[in-house]
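Below are structures written as structure tokens.
What follows is subunit A paired twice: with subunit B in the first complex and subunit C in the second.
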Partner chain A sequence: MRTSRRATLALRTLALVYLVGLLAVPIVVILWRTFGEGLGPFLASVRTPAAVSALNLSLLIVAITVPLNVVFGVVTAIALARWRVPFRGVVQAVVDLPFAVSPIVVGVSLIMLWGVGGWFGGLEQSTGIKVIFGLPGMVIATVFVTLPFVVREVEPVLHEIGTEQEQAAATLGASGWQTFWRITLPAIRWGLTYGVVLTVARALGEFGAVIMVSSGFPGVSQTLTLLVHSRYIDDHNTYGAYTAATLLMGLALLTLLGMTLLDRKRTHR
Partner chain B sequence: MSTTTQPVGAPPSPAPPSAAPARASSQGGRRRRGGPGGRALGLGVVGLWLSLMVLLPLAALTVRSFDDGLSGFWAAVTAPAALAALEVTLGVSVVVALVNAVMGTLVAWVLVRDEFPGQRVVNALIDLPFALPTIVASIVLLSLYGPNSPIGVHLNATRWGLGVALAFVTLPFVVRSVQPVLIELDREVEEAAASLGASNTTIFRRVVLPSLAPAVISGTGLAFARAVGEYGSVVLIGGNIPRETQVVSQYIQQQIEIDSPAAAAAVSVALLSVSFLTLFVLRVWATLSQRREASTA
Partner chain C sequence: MITVTDARKTYGDFVALDDVSLEIPAGSLTALLGPSGSGKSTLLRSIAGLEDLDGGNVRIDGEDVTHQPPQHRGIGFVFQHYAAFKHMTVRDNVAFGLTIRRRPKAEVARKVDDLLEIVGLDGFQHRYPAQLSGGQRQRMALARALAVDPQVLLLDEPFGALDAKVRADLRRWLRRLHDEVHVTTVLVTHDQEEALDVADRIAVLNKGRIEQVGDPVSLYERPENDFVMSFLGAVSRLGDRLVRPHDIVLERDHATAASRQAAEGAVGPLVAARVDRVVRLGFEVRIELTADDGERFVAQVTRAEAERRRYTAGEDVVAWALRSEEPVGAGPVA
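Showing the complex of A and B:
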């Protein structure tokens, strides 16, 4: 289909105007608002005690979530790709489930399970571990929303590489663990890394599920995303909200860059 | 995941591996690793992990939504404010999904069929909404369309604001599902139609659109499913005005805050049903159309 020069230009303009109005201009405006007064105020704003502790908490949650997702995600992927799993279809659907659940519903579900009066509500009374309104709740919420990433990136790679090398290793007398460390893990490493990057990005950026299960005290239980929200809503500190959001955006852009580079590696394996 | 950046004009990503080798490999795998004991342990760990993390919370949610019986569930879901929130959410989501269907297809078209300087940058920009935390999306849009708007457009606490926020976070779905199909599309058919005297409108309607339709519909459906559950991007720009701009997720959060967890659970179940139904219909429809294609081919 050959469109005339005028039609081509019209379509191009329409598409670009939409993208510029929706994506480009808002981002330029927020950068301008953030850095308009220079780098100094920006740095001061993201170095307040509350901001530093929010960044630390976000990183701590990432540091707990990623290993959990790597270990259990890889086992789940191996089970789905290599073993005879009863009710495979159901298990596959359960793995994808977190993608379909609204973040707020994730939070409510966790409150129903772990909160006071919940199914596991007795845990808090007997052990004193505060799940909801504590760090464990925020970690569980983050694990819930990021659970599919590692499984979904590793499982296709396992299918693709097949089992020939693993079988050869076994024939030569390698134990199951040796085969995993020497053959399987090197083969899935880029897929796994990609899954981890997606997990990190989502864990840093998760807001709805975390705000439901966090007590939200500045300096104690505020993640970076909660800091943005509370600075805007509670403190009416619009500038502070812009700077914290810009910091998060910088982290997101780094992730996007990493994804693009990794994607090239992954597909040209 | 559809968050991968696909360079303009790149060959489509390889098709997912067929089920056949997978089945064969699971046979070989059974001989290979450890004893049946180790495998049983592994399966147990997977089962326990998925149950504890995903199934039990959702089971607790569903069971506790009936804490006040079936009538309590029904009363919570049909409370006027809950119905109003559902109506706002579904209404805005439908509009946003339709805008996505048109503009997403248009953007994909321009990215594939057109050529202009800076195209690669534009293409990379499409993935931004997926990479950006939702609360950042909210702040970013507020900085342009909020109370201190430098261009004098105030969408704060209006349904327009909701729409813009949802359009922002759902932008990649249609673009990224249509783009690969458009790249693969056989242009000879279009040229044949043109040589037979068909106008551009006819070619688009009779040749291009039918091939794109499955991708457009699936992208639109995914965008809709995402929009109905969205929270972070609308929380600041939406205004949370009951019956005006309060979306379902905000209503649910409010129910938790005023300490009526059963009502929150009930409306959550209703919201979950909407997303699940959308995704289920999409999957069934995709399977059916694949089968139809296979039988006509």
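Showing the complex of A and C:
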């Protein structure tokens, strides 16, 4: 059946209105509110000690989360795709768990686990390391919610490339490590890159799990998302919330841009 | 020389290799021939160390390698689907084994260039596998396997993914290469023509067992059983025997047939049959017949013979075979 021109036009209009209404309008509103008063107030607002600290904390959490997830994600993906894993179905479900569970539930369970009176709550008394209401808690929460991305991007690539290249490397004398570095890693690099990009985006944007385990002091333990929240809710600083949101959006945009550039480089090869 | 003794491999209840013993002489080009699923790849991969045997052992040049990983077996392996390292150039692919062995750069470069010339890929050094045709990729894979000077070269249906013309060219080329390099080579194939064409020894596999080993001529001329007979070429059933269609002689009457058969010193049944169809296939003529007992069979004669005898459809003849071994197992032909 051929859709008539009028129907096509109607569908296109509908899709456009939907996109504009849902995406473009809010973004434009935020940008307009942010820059409506000029660049100066914006810069001042994102340069306050609290904002600088929030940016640094967000980036620090990303910097810790990404390597952890890369190592864990690649090892898990290889285990699932290549090795005989007992209870494979259970492992798969566990990997997907963070997708299914609401971040706020993650936060609550971390408090129950690491908080005062929790299973690992003794750690704070014995070593003085503050997990809940400290950086470790925020990192653990972020690692948890971003856990599936690398695994889910890399595992299908491993299945797709198959085992023959790795076997060929073995017959040519390469050890397991040599095969991993020279054959497997280059073959999965795009999947891994996507996984990292998604991890970065999600780590920057994570709110529900982090707010539960952060002490939330401005200038100390606020990430960018927490800063947006507290400026809006606690300080009734609507403008400050918009500028912080714009900063967050800028970072996300950079990530997206990086991914697009990498993608272009890949398709041109 | 490769010696496989009582090799056994099972997948659950399924027996992929059923106590296989095989000797592959040094410097030979041996084909493992058999239908799909007969265990050819499993046997080859066991020799390579890509598959662990459940029993038996493998020796390469006298050394027991049964428990050695593929890295330490001194082998070169070529896969059906090339297994090219996609992210590396042709040069880096071929150099891989030498780079792993940390050979000096100049030596690697020289050796790679030499090999690329031998396999006819000179000038393709900087291409990526995606920029090569299937045949070129497989030649690159061969060069890559040869670069490490393997004691044995193992090829698993190396031409199986290529079209007929390229396949025929490449196997001749492989034969010539083998005549020059003399590395002990094992070639897996399900194509009897390919095996007869390139190999100097053939091992016929069926259901995880070896049916017969020998040179191409003796396998074709003196198959030990129905399976080998029918797998190595066309067969017709004449009475209780399997014969090659080109060994069938057709006479006009029983007496002539009997006297000619006696004169040739041949034995076997004389089968009355009717000609259904005469098909001219260039040099040869195929005659389709139905025997008295209803069995349909095919005889193949030269064009000259067909013209002399002038067979026509509907004609009654008596068929006998120049060569037929002892009556073979009555079971259905696999």
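Basically, the second predicted complex is superposed on the first by the 236 of 269 C-alpha atoms of A that agree within 3 Å, B and C clash if a C-alpha of one lies under 4 Å from a C-alpha of the other, contacts with A are read in each partner's own complex, and residues count from 1 in each chain.
Note that in this section a residue touches a chain if its C-beta (ideal position, glycine included) is under 8 Å from a C-beta of that chain, and two chains touch if they have at least 3 such contacts.
Predicted, not measured: the structure shown is a model, and the values here were computed from it.
Following the superposition defined at the top, how do subunit B and subunit C come out on subunit A, clash or fit?
Fit - subunit B and subunit C, as placed by superposing on subunit A, sit side by side.
Can A:Gln178 be said to touch subunit B (first), subunit C (second), both, or neither?
In the superposition, A:Gln178 touches subunit C alone.
For the overlaid structures, how many degrees, to the nearest 10, lie between subunit B and subunit C at the C-alpha centre of subunit A?
80
I'd like to know which partner A:Val70 touches here: subunit B for first, subunit C for second, both or neither.
neither
Just subunit B (first), just subunit C (second), both, or neither: which does A:Leu123 touch?
In the superposed model, A:Leu123 contacts neither subunit B nor subunit C.
Which partner does A:Ala168 reach: the first (subunit B), the second (subunit C), both, or neither?
It touches subunit C, and subunit B stays clear.
In the superposed arrangement, does A:Pro156 touch subunit B (first), subunit C (second), both or neither?
first
Let me test your reading of the model: by the given contact rule, A:Ala187 touches which partner, first (subunit B), second (subunit C), both or neither?
second
Can A:Val25 be said to touch subunit B (first), subunit C (second), both, or neither?
In the superposed model, A:Val25 contacts subunit B only, not subunit C.
Counting residues of subunit A in contact, which comes out ahead: subunit B or subunit C?
B
Please give the nearest C-alpha separation between subunit B and subunit C in the three-chain superposition, to the whole Å.
It is 6 Å, taken between the nearest C-alpha atoms.
Which subunit A residues are contacted by subunit C in one complex and by subunit B in the other?
Residues 167, 170, 175 of subunit A touch both subunit B and subunit C.
Can you list the residues on subunit A that touch subunit B in the complex?
1-3, 7-8, 11-12, 14-16, 18-19, 22-27, 29-30, 33, 72, 75-76, 78-79, 81-85, 91, 94-95, 97-98, 100-113, 115, 117-119, 140, 143-144, 147, 149, 152-153, 156, 159-160, 162-163, 166-167, 170, 175-176, 179-180, 198, 201, 204-208, 212, 225, 228-229, 232-233, 238, 241-242, 245, 248-249, 252-253, 255-256, 259-260, 263, 267
Under the definition above, what is the set of subunit A residues touching subunit C in their complex?
Listed in rising order, the residues are 164-165, 167-175, 178, 182-183, 186-187.
Subunit A touches which residues of subunit B in the complex?
1, 3-5, 13, 16-17, 21-22, 25-26, 28-34, 38-39, 42-43, 45-46, 49-50, 53-58, 60-61, 64, 103, 106-107, 109-111, 113-114, 116, 122, 124-129, 131-136, 139-145, 148, 150, 164, 167-168, 171, 187, 190, 193-194, 200, 203-204, 207-208, 225, 228-232, 235-236, 248-250, 252-253, 256, 261, 264-265, 268, 271-272, 275-276, 279
Help me check something: in the complex, which residues belonging to subunit C touch subunit A?
Listed in rising order, the residues are 48-50, 69-71, 73, 75-77, 79, 81, 83-87, 96-97, 100-101, 141, 144-145, 147-148.
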